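These are the structures, in structure tokens.
One chain, subunit A, links the two complexes that follow: it is found with subunit B in the first and with subunit C in the second.
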Partner chain A sequence: MKNDKQHIIGVFDGEETLVNAFRELKKEKIEISDVFTPFPIHEVLEGHGRKSNIITLSWFFGLFAALAVLSFLYYTAVVDWPLNYGGKPSSAFPSFIVITIVLTIFSVTILSLFTFSVRAKLWPNIEKPIYHDGATDDKFVILFDKDKVDEGKLKKLLKDLGATEIIEK
Partner chain B sequence: MEERLKLSSLFFIGTFVLIAIGLVAFITGFIGDPERAWANFLLNNVYFVSLSAGAVLFLSLQRVTQSGWSAGFIRVPEAMGMYLPVAAVLFIVMIFGIQSIYHWSHADAVAHDPILQHKQPYLNVPFWVGRMVVFFVLWIVLAQMLRHYSLREDEEGGLSIFRKAEHIAKVFIFVIIITFSVAGFDWIMSIDPHWYSALFALKNFVSAFYHAVAIITFIVLLLNQFGYFPFLTKSHMHDFSSYIFMLCIIWGYFWFAEFMLIWYANIPEETSYFISRMQADGWRIFFFANIVINWFIPFVIMMPAASRRSEITLKIVIPILLVGMFIDLYVQIFPGVVGKQMLGFNEIGGFLGFAGIFMLVVGYYLSRANLYPKNHPYMEECLEHHV
Partner chain C sequence: MYKTEIRGPLILGNKTLGQISDEITSPIYQRPKMWWLIGMGISSVMMLLGFWAIYVTIATGIGSWGVNNTVGWGWAIINFVWWIGIGHAGTAFSIFLLILRQEWRSSVNRAAEAMTVVAVGCAAIFPALHMGRIWDAFFIFPYPNTRGPLWVNYNSPLFWDFIAISAYLLISASFWFLGMIPDFATIRDTTKSKVKKAVYGFFAMGWRGSSGEWKRYEGLAFVLGGIAAVLVVSVHSIVSTDFAVSIEPGWHTTLFPPYFVVGAIFSGFAMVMTLMVIIRKFYKLNDFITDRHLDNVAKILVYISLIMGTAYLTEVFIAWYSANEYELFTFFRNRITGEYTFQFWAMFVCNALIPQLMWFKKIRRNINIVFVISLFINIGMWYERFNIVVTSLAKDYLPSAWASYTPTFVEISVFLGTLGIFAFGVLLFFKYIPMIAIHEVKMVNKFKVNKKR
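Up next, the complex of A and B:
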């Protein structure tokens, strides 16, 4: 973990002051690299300007899984080894559906989880920096990259907007 | 926030024209082919009683969960629940049609049929009528109480009425699950008295809830178009359509669960029901249209979150669902009573007539009270709702 103080952190005490600061900082065109809050705040989620395509990707995972399972069932039950179950047709589509649903849900869950973990750089033995201990408790934290902002101006602005702590980390 | 719905004279003329069309359809029907006309009468009765019972169920759920997002719209399901007394009258008229609709009501048929004899302690006319009366008394009393409390809240405010209404809502949910299931057995499943399916009750219950939520959303959107509900946002639409989407999946699940188990077990006394629908000429297309219209189309259209937030997709999906519910009941009722598939003026005209009565009743009760429950404790949350 690099620890040579690349970030500036503004800590706020309440939701209102944070949302207000968030709006002002966006108006000033200061680049915010992340926001940590104890609970999701709509304004921040929408104003963040980052879009995730994981839902679209999950849809394609689902499509892929459903087609794969159906063709597997068709291959085993009809093409490769047709068996006579009480006189029923080998290609019994309604009886394929339940297992398709179950395996589709399973595949989408697992594949989406792995995709998310890789994209968020979360895997075993990785250490993620904790920027402020209160971020999961009662503090509202905004994170800036030192290279991308004007330090003096930002610190003054944060103080004006009601930040209770300004830390470098 | 105080606003009342003003109904234009055009609305009244429209509903009276619809009712007149319905009257013509039923009069010609009863003269020409009484069995078909009674089957149609039953279909429409069940259709609209499902919508209003489902609406009161939606209302009760909002009460029990203390939902904030829907607080501003509860006058719509309340007004839909006011159709129940009218439905009770129309169901009592149906007593004259028991002989035409239900095979088990013929004494000579029962005499030669051991299965019907076995079922006679349950399936006989006095008990059937008695059950129906009990259902309607319970539904009407509880729906009236929910509305009564809601209107009193407008005048008095405070939390005590809110709590009382929540209590009534709990009772209603308990009552409707049992009574509506039994009602489904009585009114629809007993048309084919030799056939039975335990999932039948739940499927029709979900269907009622599903289509009632669709209608509530539709009424809200229409009123919004005429300038009412100024606080309606995309977030409210998102919640409404999430409800519809969720119920769409459950409806499809139950439809398939019922079909798949019977198809797989392949027991003649159970499959006969599906053979006379799925493989009979004329019915096949309606049988498959049912699952396509009620499940596949809404499921595909409403899958992306963006389309669930859009007014246009809702206005496309909901009319499709209303046709879908008609087809659902049509496939359930008509093969057993009429046999041959003949969709014509009788059915469509009759449906329009009932729709006219329903619109008239709901519109009247909507215009009778303040359109927004201004003293509802969660009204503010509804106005600020954001997802």
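Up next, the complex of A and C:
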């Protein structure tokens, strides 16, 4: 914290008022630094221009995992120590498929969870300022940076848009 | 989009968002109720019995069980398959209903996923014990070792099974936990107790519900949901290959993978039904788990029951149509009539006939009857696994090698122990974790009849 009170927080009671306010604020070209909601609201997520590459990344995790598992199976069963199981071929691709699928799913899950944890900055005991306690309960909170907005105009606008609380923090 | 005018509201009682958080988290703040303590007591006793049986099994060896050279797989494998089947409901609920956009799942999926994690954990105990020398269990990990290096046999369904079960346990647990993060944050921000704030805050991992967090959360849920859908189908298919790849009469059929997957979802949904009724009864969450929810699950059960009946009849038909004498013997002289008549007909009646009662709306809307039917299904599914595992092994190709099988007290105790572990885990879940996904319920709460926009 550099100095206290560098944010303005607009608190809304309902999803509709929030979405409406969000659109109006966008129209007024006021910079919103974050929105906190108890559940995902797609109008906000899209309007805010938040991007997440987690789906694309997971695809690459999957590709990587599939290749890694298959080559591991090939190396151990064919190259390193081929065993003769009743005269069946060591390079038994069809029966490798099962393990490859399961382990690929497993790796994608673990790797994307870690990516999520790192990118969304979620891990145990992380210190993050909680701007409003109700944001995970029943309040919809919009956060502004004081330096980037016209304070007086914003407060008036927020009140007009139906904010129930306007807090400086 | 969900049409409330046609299907009715998902959450009753016109609740505000604050009310939803309060009502769902209320068991966490209440002092434990008498029935809860009694339940914990009984399940602890059962767990202790189970631990004793596990100790005897490890210390004495598999000789303490009733399995013999002919019937090598007894209660252990029956219970393993039974638990894994029950464990399928959580993933099936979250994933299939997510893909099918069934919004009503949001009140139920948390409990179903919790059940999955505990049930798969119970299931994993059995094959581990059945190895006999559990201290050598690390032999099944493929790692560079001093035994050759001798790698595991990747062609063996038993190894696939090991991989599939461990992966399934970890994946379903992480999916479950991911869904709980926002709800833990809700508890962290609404509780007044410092201890709860610290503990739930630790697990909430700094969740604030910012748009960046939600965007990534939804992306991740989409990815995990998509790939776990494959897992629902693959895990029990792999379990079925444990049987289908061998050449025992009654096991060696191509019907097995779909038959097992459907059976798993059947028993799982029945267990979800059992739990839903218990949650409604004891926690008064009728506004969230409405009659509609029970009705929907009942309809799914009727449908799956038809598939089960078809599968049973297909097996019998193919045995007759193939005119293979061993198949004919197994199905007609050993199951339908003969030594295992009771088990076969218990399976058929409980799984294929009794659930058909739920065609009637009056029965679907009667919670007591539905509860009893869901118990019957789980008993029936247990007999199905008995039927598959024991009848085929006991009398296969060589009459001189035929043998009977009766479980010993130790075997039964291991099973009772896992029932105890399951009940214990589920009771802890009821008490300490929001048993309905709060943020998901808040999301569907807006679907109200005659809502003014």
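The rule is simple: the second predicted complex is superposed on the first by the 165 of 169 C-alpha atoms of A that agree within 3 Å, B and C clash if a C-alpha of one lies under 4 Å from a C-alpha of the other, contacts with A are read in each partner's own complex, and residues count from 1 in each chain.
To be clear about the criterion, a contact is a pair of C-beta atoms (placed from the backbone, for glycine too) under 8 Å apart; a residue touches a chain by one contact, two chains touch by 3 or more.
Bear in mind the structure is a predicted one, so any value in this text is a computation, not a measurement.
Student: Taking subunit A as the common reference for superposition, should the pair subunit B and subunit C be classed as clashing or as fitting?
Tutor: clash
Student: Look at A:V98 in the shared chain and tell me whether it touches subunit B only, subunit C only, both, or neither; answer first, second, both or neither.
Tutor: A:V98 sits against subunit B and subunit C alike.
Student: What's your read, subunit B or subunit C touching more residues of subunit A?
Tutor: C
Student: Examine A:K121 and indicate which partner it touches, taking first as subunit B and second as subunit C; both and neither are also allowed.
Tutor: Second partner only.
Student: Considering only touches as defined above, state whether A:T109 meets subunit B (first), subunit C (second), both or neither.
Tutor: The second partner, subunit C, only.
Student: Who does A:D34 touch here: subunit B (first), subunit C (second), both, or neither?
Tutor: second
Student: By the touch definition at the top of the document, which applies to A:D147: first (subunit B), second (subunit C), both, or neither?
Tutor: neither
Student: Once the structures are superposed on A, label A:K88 by its partner contacts, choosing first (subunit B), second (subunit C), both or neither.
Tutor: both
Student: Using the superposition on chain A as set up above, list the residues of subunit A that contact both subunit B and subunit C.
Tutor: 55, 88, 95, 98
Student: Using the touch rule from the top, collect the residues of subunit B that touch subunit A in their complex.
Tutor: By the definition above, subunit B touches subunit A via 256, 259-260, 263-264, 266, 303, 305, 386-387.
Student: Touching residues of subunit A toward subunit C in the complex: what are they?
Tutor: Those in contact with subunit C are residues 15-16, 34-41, 44-45, 48, 50-52, 54-55, 58, 62, 72-73, 76-77, 80-81, 83, 85, 88, 92, 95-96, 98-99, 101-103, 105-106, 108-110, 112-113, 116-117, 119-128, 130-131, 133-138.
Student: Okay, in this complex, where on subunit C does subunit A touch?
Tutor: 16-18, 20-21, 142, 148-151, 153-155, 159-160, 163-164, 167, 170-171, 174-175, 178, 181-182, 185-186, 188-190, 202-203, 205-220, 222-224, 227-228, 230-231, 234-235, 238, 438-440, 442-443, 446, 453
Student: Where on subunit A does subunit B make contact in their complex?
Tutor: Residues 42, 55, 59, 86, 88, 94-95, 97-98.
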